[in-house]
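Both complexes below contain chain A, partnered by chain B and then by chain C.
Now for the complex of A and B:
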C-alpha cells in the first residue's frame, strides 16, 4: 500500500500530539509548529516502524519537503 | 567498545533560577553562568556536588514547544551527556546500535566544543560532547 499525504498527516499529528488538520506536499518542517529536530527523528522512527523500511542517511539529508519523504517511502516499500 | 564517560545529567525546569536554589539545598553548587543557547531555544547552567556529580538545568524558551510539552507531561529528566574523543567515530557506533542523530552543533556552554544529540527507538536521549 502506497503512502499518501493523508497517512503522513495522521502520523504527524500523533508525533506532535495535536491534530494537524491540513498539510501540503510542499510543506517543510518550518511550516509546521513543533516539527523540530527531535520530533523529526520521532517521525522517522514511526515511519520506519509503520512501513517496515529503513531510510539511508543520504535520503534523510535530501528531504526538503513532505513530498520527498512520501516519495522515499514509496520507493522503499 | 567506546568509553562513554558521563559528563552530566540534564533536567528540564520551567524556572532555572528557582531550580538552582532547590539544587543548592541538595548540595549542588552552581559552577557556570546561565547560558542563553538561542539556537536551541533554551537557557542552561551547570551544578556540581561533593561527589563530583554534575547536573545541567535546562529551561526552554516559551517557543520551544517540544521541551515545554515534556515538562507539562511531568517529565524532567531530559538527557545524559557523555564525553567522547570523536563524535564521528561514536556516531558510527551509535547508528550501528539503533541510535539516530538529532543534530550536531558547537556549544557556548562547552567552550565552543562540538556536541551532538542522539535518540534511540525507545526515546532515550543522549548528548555527546567532544573532549
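Now for the complex of A and C:
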C-alpha cells in the first residue's frame, strides 16, 4: 500500500489538531499554518509508527516539500 | 500550582505532554540550555513566575558532551562530584530565594559509551562510572532533603533513544516520546502528592472487611482469619494494616455490632493479627456510620479529607460518600479479596515529609552533610558567570566560517533582532564588500568550546551612520553576556571608522520576544519617526561582562 498525499493530509490534520482541507505535493512546512519545528517531530514520529518505517538522519535532513517525505516513505515500505 | 521546567535539551516535548495530563497547572518554559542562569538570575522572569515546583531535566547526551569536552585529567576525575554538587548548589540557591519551592530532578540515564569495553565500572574515567556516581550523590542528598525529589529512570526500561538518532541529530530530541510520557506522569504524581491532603486515619468495618464471615453468627472462633482461601486474604490484609499503623497511620473501627460481640475475636481468637490496642478508637453500635465518622473526626481532631473509609458494603460506602463528601471512600472491587491490591495501586498513603522514624535514620546523613557545610557556593548570577571563566575571540567573518554563519542566520529564532536569513553565498558576498562591518564571536568556558555563537552584520550608510542589519546569538549561550561583549566590540569598531550613530531595528516574530527590549536595555534611544532605535556612539558606556579575551 503506497502512501498517498491524502493519507498525509489526514495525518497532518491529526497532528496539527485541525482539519486541513487541501494540500499540494509541493507544499513546504512554511505553507501550512502550525507546522512548526515541534510539530515536525510529532509528524515524523507518527509517520514512522503508522508506516512502520525508520527514516535515516539524512533523509529527514534533505526534505524540502511534502513530496520528498511521501517518496521516502514509499521507498522504505 | 505553578511549575517551571528548565533543561539542557528541548523541554517543550515534556511540557506539551505534561500540560495534557495537568491542564490546570501554570507552566514556565526556561530558556534553552540555561539551567544555571534561570535559577541564579533573581530578577529574571523565572522568579517573577514564582514557581511552586521546579523541574530540572538534564540529558545524558549533554552530560556526555560535557564530559568529552574536558581535556585535563583533574577535571575528568572530579567531573561527577562537580556536576552533582552543582545541582545541590542550585537547589540551595533556589531554596534561599523561594523557601517553599520543591525541586524535581530525573536522574541521568546510565549509559555506557563502550570506551572501556566491558570493564567500564573498573575505570574511574569511564562515563558510566561518573553517571552512576553523580546519581548516587544526589540520591544521598535527597534522603535528607524533603523538598528534593528524584525520578528514577530505572523504573522505565526503554528509556534511551532506542534508534531515534534521526530525531536527535536533526531536531535535538534527546528522549523517546514514550519516555517523555513516563516522565510527565511521574512529575504529575509528585505534584499531586504535594497538593493532596494526606491520609492520617483509616476507618474500618469488621464483618467481611477485617475478617471473613459475621462474628454475630459465626462466633469469634468461626470467622475466617487464617488458612487457605478467604482467610488467607484477611490475614494478609491485617498484616498490611499493621504496617500502616507502625508507620503512624491511625486505625479506627466503625462497625454495626454490639460492642462486646465485636471485641470478642480480638480478645479470644489467637489468629487475629491486629489487637485491640492497635486501634485508636473502637466504635461498635447501631448508629449510622456517617454520624460515627463525625465523632471520630471530632475526637481525633483531624480533617474529614484525611480519613479513608473501608467497608465491604457498597450501601454503607454510598451513605458516607453522600453525607461526608470530603471523606475518601475507595470504590472497592466486587470481590473483596481484590481490595488489598486495589488499595496498594491507588497509593493513598503518600509520604510527603520524612516521618520521625525515618528522620532518626537520616540524622547521620544529615550531620555528615553539615560537616562538609551545606551551603551554596553561588550567591549571585555574577558569581556563576565568573566561575565559568569564559573567554572569547571576536573577528570579522572569514570564508571558513561562512557555512556556520549562514546556519546561524537560518536557525536562530529567539535571540535574533531582525531574523534576516542569509545563504552561504550571501555571506561570502558580504565579507568582500567594504560597505559592511561584520563581527563573529567564538566562545569557550571551563566546560569546553562552544564555537561560533554570535554574529553581527552592520551596513555603513552614505551619511556617516550605520545600520545594524543583523545581531543574533545561538540559544546555547543565552544569558551569559555574550551580547554585551559583542556590542562593546561593535562600538570600538565603529569608533575606529569614525561613525557617530548606529541605528537598530527590532522586527518582532512569534519567537523573538526575548529581545524586544534589547535596544532600550543597551542605551539606544527610540525614534518614533521610523520606528527605529538610535545609539550615539560617543555616549555609549562600555557594558560590564565576564568574558575575557582569548589568548589563543
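Heads up, the rule we're going with is that the second predicted complex is superposed on the first by the 77 of 77 C-alpha atoms of A that agree within 3 Å, B and C clash if a C-alpha of one lies under 4 Å from a C-alpha of the other, contacts with A are read in each partner's own complex, and residues count from 1 in each chain.
We take it that a contact is a pair of C-beta atoms (placed from the backbone, for glycine too) under 8 Å apart; a residue touches a chain by one contact, two chains touch by 3 or more.
Note that the coordinates shown come from a computational prediction; the quantities given were computed from them, not determined experimentally.
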item	value
First (chain B), second (chain C), both or neither touched by A:75	neither
Chain B versus chain C as contact partner of A:44, first or second or both or neither	both
Which of chain B and chain C A:22 touches, first, second, both or neither	neither
Touching partner for A:56 - first (chain B), second (chain C), both, neither	second
Partner chain(s) touched by A:33 [first = chain B, second = chain C, both, neither]	first
Footprint overlap on chain A, where chain B in one structure and chain C in the other make contact	37-38, 40-41, 44-45, 57
Of all residues in chain B, those that touch chain A in their complex	64-66, 69, 95, 100-103, 117, 119, 121, 123, 125
Partner chain C, residues of chain A touching it in the complex	37-38, 40-41, 44-45, 54-57, 59-61
Residue ranges of chain A touching chain B (in the complex, touch as defined)	17, 33-34, 36-42, 44-45, 57
Of all residues in chain C, those that touch chain A in their complex	12-13, 16, 163, 165-167, 169-171, 173, 177
